[in-house]
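Okay, so chain A shows up in both of these, paired with chain B first and chain C after.
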Partner chain A sequence: MSDALIDALNPALFWEYRLVLLRGLAFNAYVFFAAAAVALLIGLAAALLRVNRARPFRWVGTLHVEVFRNAPDYIMIVWVHFVLPLLLGKLIGQRVEFSPFVSAVIALGFVYSGYFAETFRAGIQSIPQGHLDAARACGMGETTILVRIILPQVVRRMLPEAVNQFVSLFKATTIVSLIAVPDLMYQVSMVTQQEMRPLPLYTWAALTYFVVIYLVAGSLRRLSEHWRQKIYA
Partner chain B sequence: MDAVPAIRVVDLRKSFGALEVLRGVSFDVPRGSVVSMIGASGSGKSTLLRCINRLETPSAGEVYIDGEPMGGRLSDISRMRRDLGMVFQQFNLWPHMTVIGNVIEAPIRVRGMRRKEALALAEECLARVHLSEKGKEYPARLSGGQMQRVAIARALAMQPKAMLFDEPTSSLDPELTDEVLTVMRELASDGTTMIVVTHEMAFAREASDRVLFLHNGQIEEEGLPDQVFGAPRSERCRQFLSKKLQ
Partner chain C sequence: MSNWERLVWNQRGLLWQGLTVTVEICLLAFALAIVGGLVLCLVRLHVRPLRPVAVALIEFFRATPIFVQLMWVNYVWPELFGWPNSFFTSGWVALGLQSSGYLAETFRAGIEAVPRGHREAGYSVGMSSFQVYRRIVLPETLLTVAPSIVNQFTVIVKSSTLVSVITVPDLMLQAMKLVNVWYEPIEVLTATAIIYIALVFLVSSAGKALADFHRRRFGLDSA
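Here is the complex of A and B:
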C-alpha cells in the first residue's frame, strides 16, 4: 500500500481530536432533531391542506410541496441564511439576522417538509372511508377523528418511508458547515487547517456517519416493524 | 300506544347527479320494533340507511329521531348520531385499537365517560355478543364473524336509541353468518329498535316486526313479515322473493 493510502486509513488523528469531533457530531444531531420536528409539523399541515375539500387550500398545499421538494437543500441553506433575513428585514423594517443553527433548521426543515407532506398525504388517503364512516356514525367530530382514527394509523403506515427520509435528512445535516454551523464536518475542516492532513479525518468521519446512521436506522426499522405487526398481521 | 316513533322517515329523496336513488320514501320505526329492508342490489336500501344518520345528505325529505328532526349544523348531526348505532357490511373496526379499545373509544371521546366506567360497559357489550375473552386482541386476529360482533358491541356501547344494520352478513362466509344473526336475534328479542338492511330472508321473516321491500328507490311493498313473504301483493316483490328463496 502507498503511504498516502496508509495515512488516509490511520485513525490516530481522528482519535486524537475525538472530543471536538464528537461535539460536532452532537451538533449534527441537534440540527437533525430540530429540522425533523419542523419538517413533521409543516409537512403535516401541508398534507392537511392537500386533502382539504376546498380547492384553494389544496393549491396552497401543492405549491408548498412543489417548491420545497424541488429546492436543492444546499441552495436553500445559503438562501435562508443570507437572503431571507434581508427579505424579512425589509418587511418589518428592522434588521434581522439568523444564527447559523436557526438558518440550517429552517432550511432543512422546510425542504424535508415537502417530502413528509407527500408521505402524510399518501397515508391519510390510504385510510379506508369506512373507518371514517364508523367514527362519524358514533358521533365523533372531525378533530377527534383526525387525532384518534386517522393519524395513529397514518404514523404506522408511513413509518418505513419516514425512516428513509430521516436518514436522508441526517445525511443532509452534513452540509450545514457551509454556513458555519459547528457540526462534525465543520470541526473536521477546522482540524484540517491545523494538521494539514484531511484524508484520515474525512475517512473516519465518513465511517462514523455510516455507523451512526446504520445503527439508528436499523433499530428504528426493527421497532416500527414490531409495532406494525400487531395491526397488519 | 306510543305516539312518537323512534325513527320517522318522511318523503326522503336522494340523487347522485342525474341518478335518482331514493324517490320519496316514508315509514315509521316504532320504539322496540325491528324493521327489515329487502330488495335487489341498487334498490337504494343502503343509501336510505346512510341518509338516516346523515352519512349521506338527503336531497329532500326529513328524518326524525325520537321526534327531533335530524340535520342542521355538523355539531347537531354529530350529537344525534350518538343515538343511532350503525353496523357496516365491511365491519370498519379501527385496526390500530384492540377490541376493547374499539368499544370504549366513542363512549370516552364522545360521551365523555370515565375510562373505568367505559371499560365496565365494554365488558357488558362484549358479553352480549359472546366475545368477552377477545378484549385484548387486535381486529386483524379475529374472524369476520367475530369482527362483526365487535362492531355490534362498539355500536351498543353508545347506548343508542336505535341500531342501523347495513347488510351485516353480506361480506361473511356462509358458516360465519349464523353467529352474527344469532346476536342480532337476541338484540331483537331484548327490545332493541333496529333497522336491518339484509339479504337474509329467513332472518327478515322470523326476527322482524315489519318488512319493507324497496324497488327503484321506492317502497314497493310493506307489511308484516308473513304477509310480505307469504302473500306479496306486488309482482316485483313476488319475483324478487321467488329468486331469493329458490
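Here is the complex of A and C:
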C-alpha cells in the first residue's frame, strides 16, 4: 500500500506534462469567464422579469429559474451539445453545429443564470421603495434608475452570495471535458491513456484543482469583503 | 411524435431501471454524507488532536470539483486502499464524501448557533455531556439546518448524473446508450432532462414541505 501511496504522490509525471496540463487549466478559465458573463446577463434579465409588474413576465421569469436551478449541469451540457443544434437546424432549415466550447458556455451560462437570477432578485427586492420614489421624484427614467440606483446597490449586496456561485461555476467547468473541451481533466485523461498511470495523474489533478479553487475562492471572498466595506463606509 | 413513442415510451423499462439506480446511489450517498458530515464536524469541534485532519479533509472535499473527486476515488482509491471494488461503490462514495464536507460546515454552523443557555440548562439538571448532545444540541441543530440538508440532497441528485461517466448504469447512462444505439438524441435527451428536472424539483419541494412541517411543529418560524 505504501508503494501505491508513494506512486500517487510522486509529481514527476504530472510535472513532465505541465505545459499541456496548464493549457488545459487555461481552458477551464476561458469557459469560466465566458459562462459567467452569459450567466450574469441572462440572470439579470430573468430577475428583472421576475420583479416585473405584468404577471406573464413574472411567470416566464419563474419558469426560467425553476427549470435551470433544478437541472443537472451534465444533462444540460449534453442536451445543448447534441439536441439544441438539431432543433435550431430544423428551425432555420440549415445544418447547425456547435463547437464543444460554445455548447459548454451556453449550457453552464444558462444553468447558472438560474442561480444568479435568484441572487439578483433578492438584491433588487431588498432596495427600499423610498430610493425608487426619490429617483422618480428627481425625474429619472426607468433605465437610469436601474443603472444608477438599483444595480450599484444590488451588486454590493449580492457579492458574498455571488462569490459562492462563481466558485461553483468554476468547479462545474471540470465536466466540460466530457464533451471534449480540452480542459485540465480532458488532458489528464488523455495523458492517462498514454502513460497508463492514473495514480499520480488523478491525484495531482485533484490537488491542483484544490489549490487553485482554495486560493481563488479565499482571495475573492477577502476582496469582496474589502470592497463592500470600503464602499459602504 | 412516433420517435417519442419508439425511443422513449417503448424504452421506459430501461429508463426506469436507470432511475432506480440513480435513486439508490443518491440515497446511499446522502446517508454517507450525513454520517460523514456529522463525524467530521464533531471531530473538528471536540477532538483536539485530530482537528487539523478534519479541517483538511473538509476543505479538500469542499474545494475539489465533484467530477475530479469521482475520478480520483474511482481510479486511485482501489490501488491505494484496495477499495472501493465496484464502480457503483466508487460513485456513491465520491458523491457522499463531497457532500459530507459541505454538511460538516453546515452542522458546525448549526451547533454553534445553539444558545449557550440551553446547554447549561441541560448540565444543571444533571445531564452528561453525551446526553446534552443527544437530547438538546443535535435535535436543535437538525431543525435549524434542515433546509440546508435538503438543499445538499438536491445537489447530490444533480451530481449523480456524473456517475454515468464511470459506467454506473444510472438514468443518464441508459439515456446515452439509447442515443448511441439510435442516433436520435432529441427525444431521449429531452425526456431525460425533463425527468431529472422533475426529480430535483420534487425532492426540493418535498424536502421543503417536510422541513417547514417540523419547524412549525417545534414552534420555530418557517422562514
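Definition applied: the second predicted complex is superposed on the first by the 228 of 233 C-alpha atoms of A that agree within 3 Å, B and C clash if a C-alpha of one lies under 4 Å from a C-alpha of the other, contacts with A are read in each partner's own complex, and residues count from 1 in each chain.
The working rule: contacts are C-beta pairs under 8 Å (C-beta built on N, C-alpha and C of every residue); 3 or more make two chains touch, one makes a residue touch a chain.
This structure is a prediction, so every number in the text was calculated from the model and none was measured.
Superposition of the two structures on chain A leaves chain B and chain C fitting side by side, clash-free.
Of the two partner chains, chain B is the only one touched by A:140; chain C is not. Residue contacts after overlaying the shared chain place A:5 against chain C, while chain B stays out of touching range.
When the two complexes are overlaid on their common chain A, residue A:202 makes contact with chain C while staying clear of chain B. Once the two structures are overlaid on chain A, chain A sits at the apex of an angle of 110° toward chain B and chain C, using CA centres and rounding to a multiple of 10. Residue contacts after overlaying the shared chain place A:79 against chain C, while chain B stays out of touching range.
Chain A is touched at more residues by one of its partners, and among chain B and chain C that partner is C.
In the superposition on chain A, contact is made by A:217 with chain C only, not with chain B. Contacts of A:153 after superposition on the shared chain: chain B is touched, whereas chain C is not.
For the pair chain B and chain C, the least inter-chain C-alpha distance in the overlaid model is 27 Å. According to the touch criterion, chain A has no shared surface contacted by chain B in one complex and chain C in the other.
On the side of chain A, the complex with chain B involves touching residues 128, 130-131, 133-142, 144, 148-149, 152-153, 156, 230-233.
Interface residues of chain C, counted against chain A in their complex, comprise 59-60, 63-69, 71-72, 75-76, 79-82, 154, 157-162, 164-165, 172, 176, 179, 185-186, 189-190, 192-193, 196-197, 200-201, 204. Those residues of chain A lying in contact with chain C across their complex are 1, 4-5, 8, 66-67, 70-76, 78-79, 82-83, 86-87, 171-172, 174-175, 177-178, 185, 188-189, 192, 198-199, 202-203, 205-206, 209-210, 213-214, 217. Residue ranges on chain B touching chain A, taken from their complex, read 53, 55, 74-75, 78-82, 84-86, 88, 90-96, 105-106, 109-110, 138, 140-141, 151, 154-155, 158, 164.
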